[in-house]
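Pasting the structures in now, so scroll down.
Look for subunit A in each of the two complexes below; its partner is subunit B in the first and subunit C in the second.
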Partner chain A sequence: MSSDEDERIPLPERPEWADVKPIPQDDGSNPVVPIAYKEEFRETMDYFRAVYASDERSPRSLGLTVEAIKLNPGNYTVWHFRRLVLEKLGSDLHDELDFVNSIAKSNSKNYQIWHHRRWVAERIGIEAASLELEFTKEIFSLDAKNYHAWSHRQWVLQALGGWENELDYCDELLEEDIFNNSAWNQRYFVVTRSPLLGGLESMREAEVKYVVKAILSNPGNESPWRYLRGLYKGDTHALIHNPEVSSVCLEVLKEKKNCVFPLSLLLDLLCYGLQPNEEFSNVVEALRPSNSGPPEVNLKKTICSVLETLDPLRSNYWIWRKNNLLPSSEV
Partner chain B sequence: MESPSPMTSSATITQRDQLMVEMKVAEIYHLFASLPHHAQTLMLELQRDNHVEFLTKGLKQLGPNYGVLDANRPWLCYWILHSIALLGDFIDCKLENDTVDFLNRCQLPHLATTYAAVNSLITLGGERALSSINREKLHGFLLRMKDPSGGFRTKIRRSSAIEVDLTWVLNRRTSYVKINVVVSDYSYMPKIAEAARVVWLFLLCSMSLADLSLHLVLRSWLGLYLCLPQLPTISFPCGEMDVRACYTAISVASVLDILDYELVQNVGNYILSCQTYEGGIAGEPGSEAHGGYTFCGLATMILINEVERLDLPSLLEWVVFRQGVECGFQGRINKLVDGCYSFWQGGACALMQRLHSVVVGQLHAKVKKTVENTDSIQTPNLSDLENVPGASSTGSGGMPITDSVLKLSDIGFSFIKEQIELDPLFHSIALQQYILLCSQVQDGGFRDKPGKQRDHYHTCYCLSGLSVSQHCWSKDVDCSPLPKAIFGPYSNLLERTHPLFNIVLDRYHEAHDFFSGQ
Partner chain C sequence: MMGELEVEKHVQFILSVEKKKDDFESVAMEHIRINGAYWGLTTLALLGKLGVVDQDEVVSWIMKCQDESGGFGGNIGHDPHILYTLSAVQVLALYDKLDVLDIDKVSSYVSGLQNEDGSFSGDIWGEVDTRFSYIAICCLSILGRLEKLNVQKAVDYIVSCKNMDGGFGCTPGGESHSGQIFCCVAALAITGSLHHIDKDLLGWWLCERQVKSGGLNGRPEKLPDVCYSWWVLSSLIIIDRVHWIDKEKLASFILNCQDKENGGISDRPEDAVDVFHTFFGVAGLSLLEYPGVKAIDPAYALPVDVVDRIFIGRR
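Moving on to the complex of A and B:
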């Protein structure tokens, strides 16, 4: 038991609560999924129900929500009521951020906390931007892929600003962990949406260089491969016309014959109409197992067949792709 | 950049965590491989009795640690009842009645818990459970949860259109009353200004009343002055808006046969804005593609007949790539395997099997478009894809539907009536292996991964994923799966679940007959 719990005075013994009649939970006579609440939990919620029912938006209600939230940060009704009380009392919202800090660190995967935090930051306005960016940074130092924290950070950037150092921050995170797909996603978010950058098309060349380097350092890392395709989202024409794309695939395959990602990208390039050069055909042909009979007439089919054996977990998918290649005459 | 080996200290956090899990899983698979045949069969057996016991016990009593799930008790009901139904078991009559009473007693101001309660009642089935659902009220509730942008929010905020707020301000010399009138509905403004003068006069006469009663008197008086019997309350959606909220709203409306175009309006645009460059769907626009949201987004788009608007080939590739060396699914790229994604990702794969013609149509359109554009530089966009043969002319079930006669609530029903044209595109046996050997807890219940504790959420979604992977080879909903589709003894076979609602199929049919006949 922590000293906090030792010091807790039960609510019925606190003089300031003497006038309140607690309301017990009405579960009916035969409740299902009943929870054997701890006494402290039951008592706090009984008093909470009382102030909620009388809609008492007072300082003591605010204090009570703190106790209730600490016992169960997932109770959306308590959070909701807390916002009503904060509004009524005109409380200092910076203090509120501090309170959320203390709760969020140990409950960072909880929907309600992040929703509440957004509400507070929205009311504080642009001066909250730097605080919120700093706060999410702290969360990421514990869990760099926290989904809610990333959503919150994106909301902060879009609603309150603070884009200046965001690309550098992505760099920093990727330097730490090049496999962090959340950081790749954030990078994409910044490149495509930052008002300080020129948008995807103007950033594309530099980003391709960045991502190619990342691919070559770890060809088995799916994140940069998806990112590379993402840089050409909706523009397959530009994708097949950048020689850097097919050459990074071939370069990887020469070193690492069993790598799935470059092969699947090559397959798509061919499907989109890329005319393979001799090097391309040679690299792919070299991947065919020697005992697999006569070469397929079609390079796309060859890649599908190679993937089918190389990637047995997805063999159904690669067979399906092979069966649904558009016959060349139709293209 | 040097390629760090996962074995060295320069490995990143992602690599180290991944390696740890791979080693644990490999250990289990090695042990399994080393066992004699009969011991293997034993290890693969679904521990039905233990699972039912774990689940039923939870329905009857939960320990104090469940306090953090206090606001999610309808969810606990759904996870438990759906799991028991998948196992082909039932709860006794009394417990069933108690559950109906409990669910009807729960006030459900939250969209996600509403979904859980409705699915629970349908899973219980029978006249008493089904007729306890007030569909008209729910329709109104869902409409109120709709954000002007088209998405849904999880909670509603009800406030009085006019709040009269009195504060006694104590001054050293005099005490006076500060009146705050907060008006949420601005159409009352002119009248309020006029009323303010009269309020003051009224106050002078009632200084003797206590604070609270004065407040009440004033409120009702103001209502009287404005010729309103009660001060009007207005409610507006609040709470988080995301793909999950959209799914729970649309799923509930569809299964209760109350889905209409008003509810559907702009939902498709919202979901579409959440499909990411990776191919999967995120919780909000700009976020990372995620298994749970991908299932929710895809199912929603099918239910509102707008699935062709998604980039389905990219979505499909993203999903099949989430199955990893551990044989189970991960939720996001480079994250760890987790048993619950057996349903979220496996279920999305099962949905894709029924969208075959639309996916192939899009795949070919992409190809043709690029080739055509090689000469005339144009970027293909998604709206072009709607002209693909087999896309706009067919509904989600591949069945011809003209928009004028399409009844939205029928989509969930017709979707599973069609024969499946396509074999599953994920590895269904491997998935069953992960669920049975790594997620199953022999004493009952399922878990995220080895080393984690069992819980009801993972039990529900591991069993749902197991059911999906057992049935995904049967072309027809009425056919039993062949023995080779079942990993382990054939007695492992679970009941079939509706892939859009995740409700056991015969319970779904009972509800469908009940509501469509009303």
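Moving on to the complex of A and C:
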């Protein structure tokens, strides 16, 4: 069967399809001026409908689904039918992975392709783990934030294994792009769920050092700030008692650039009970606009006021924070 | 300076998409036409122009998309899937024609897709995603059959997808993503389970989606897209934190995504338009109370008067 578009033989002219009566789409429309590619599409789908209606699970049907998928990879009914045919024919599933490979890169945001891959990989079993991890890597080399691919990769790790090098892989991706939120999320996924590691608390110290380094290299990057908070999820006591955390805020604030994230974390630390000191007060004071009135007695309030001016898009949020501070007696 | 919403142009654009069944894009979207119908018709309804499309034609075509399982396919002859089943129910609701359905049959199809752990599959092939949790809950709520689900387990599964940043992903551990967040938040709202959400934490994550241009992105460090004007905004409204974004700047962003010549709205300024982004842009403006656009319900994604008709009539 020809797969080269220039040499494509129309289905009605192929002897092996002579016994099939194609079924047109039942929505009443007919092209006024058929254009070549539309004709090819329509014809392929008409023949597909015929074998689908007669439930013909044969090699020629399998081949036809390839043509239909190449013309429209989003057509989920074709994918379903292909699975039925693959099951009936007992086809080689490794070949099937190769087939998906061939169309996946140009259709990497297509839900059907990812679901089909999962279906195939499930059937192959643990053997598929390295293939799937390799495949998602290839997709990430084109689009390192592809949500489908990350979802697939997480499924592979949990269902088929392969956790050994995952933290290193996250590291690799973050070296390439420290702003990759998906890679940060994956890192958290590994640290909290890998059966090979000791869990969040045991990994915390090393991860704090890792994330502090990332923050200092790009203080305006939202992801590592969130990651740092995530490392102390449910344990604000430990958060405020790790001097590295308030330190990184101070260090960034001293540069007087990219102040929103460190100020917001400092605010939270103070709200959790961190005792303010002169160093904090001074660095925040240095950020107040020169035309603002006398400094507020309460450091938390001052921080909120500064954030209102530095982050005007979210000024209502910072005003709300200011109005919802618990009363405190600190200076 | 606020631009203007080109209502007439958008109406014409949507009608042209409906009529142009032969161009390549329409043909390529053939298998999800029922989603397209929901996007297009709900937009028309929000602009007060639902009457320009023939109701009977739409309703009879929709019913032809139903399969013997009770579920609906994306178009006639397509396999049933939960995605298209919701769109079918939503479109019928727009026309106040839910009574043409065998409600028990559709409900059984949807409830049959719930798994042991409370999650939902999209269809018999088993893909699991919190999108499907929302769809099942929204659909059965509209049909008045929410009790056919194991609601507690459904809620438990959604909560298991909550991340450390307060957001939600497609499956447990999945990256927080505005689209998934909308699905989880709306599902929790419909089931009366919003207490599971840390509204302040999530509200902050959501308001951080607003970038300098005023548009909203779906995840940190990604580009803004008009569709997030819906998913982020509706989530903020449901958790009562919408005042945390700059609404005027967002409205300007959406209006800048219009094709003022030919109608339609695109994902971001200067890009090609499509029905999907046209719907989400108009829906976003509705949530921002843009004059002339009818109110939309943030959880059901249908005009408020339609939702009122469904629920008030039921009591």
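Note that the second predicted complex is superposed on the first by the 313 of 331 C-alpha atoms of A that agree within 3 Å, B and C clash if a C-alpha of one lies under 4 Å from a C-alpha of the other, contacts with A are read in each partner's own complex, and residues count from 1 in each chain.
One rule holds in what follows: contacts are C-beta pairs under 8 Å (C-beta built on N, C-alpha and C of every residue); 3 or more make two chains touch, one makes a residue touch a chain.
None of these values were measured; they are calculated from a predicted model.
Placing subunit B and subunit C on a common subunit A by superposition gives a clash between them.
In the superposition on chain A, contact of A:Leu326 is made with subunit B only, not with subunit C.
Of the two partner chains placed by superposition, only subunit C is touched by A:Arg49; subunit B is not. Shared-chain residue A:Gly273: touches subunit B; no touch with subunit C. Residue contacts after overlaying the shared chain place A:Asn218 against subunit B, while subunit C stays out of touching range.
Which of subunit B and subunit C touches more residues of subunit A: that partner is B.
Of the two partner chains, subunit B is the only one touched by A:Ala144; subunit C is not.
When the two complexes are overlaid on their common chain A, residue A:Asp235 makes contact with subunit B while staying clear of subunit C. Looking at the shared chain after the overlay, A:Glu176 reaches subunit B, while subunit C stays out of its contact range.
With the complexes overlaid on chain A C-alpha atoms, the stretch of subunit B that clashes with subunit C is 56-64, out of 56-64, 164-172, 218-226 or 398-406.
Shared contact residues of subunit A with subunit B and subunit C: 26-27, 30-32, 37-38, 41, 45, 72, 74-77, 80, 111, 115, 145, 147, 150-151, 154-155, 179-182, 185, 188-189, 193, 221-223, 226, 229-230, 233, 312-317, 320. On the side of subunit A, the complex with subunit C involves touching residues 25-27, 29-32, 37-38, 41-42, 45, 49, 52, 72, 74-77, 80, 83, 111, 115, 118-119, 145, 147, 150-151, 154-155, 179-182, 185-186, 188-189, 192-193, 221-223, 226, 229-230, 233, 312-317, 320.
On the side of subunit B, the complex with subunit A involves touching residues 1-3, 12-15, 58-64, 66-73, 76-77, 80, 94-95, 98-99, 101-102, 105, 109-110, 154-155, 157, 165, 238-240, 276-279, 283-284, 286-290, 316-318, 320-321, 323-325, 327, 332-335, 360, 363-364, 366-371, 373-374, 377-382, 422-427, 430. Partner subunit A is touched in their complex by these residues of subunit C: 21-22, 24, 27-32, 61, 64, 73-79, 81, 125-127, 163-165, 169-171, 173-177, 203-204, 207-208, 210, 212, 214, 219-222, 243-246, 249. Only residues 26-28, 30-38, 41, 45, 71-77, 80, 88, 111, 114-115, 144-145, 147, 150-151, 154-155, 158, 176-182, 185, 188-189, 193, 213-214, 216-218, 221-223, 226-227, 229-230, 233-237, 240, 264, 271-273, 312-317, 320, 324, 326, 330-331 of subunit A touch subunit B when the two sit together in their complex.
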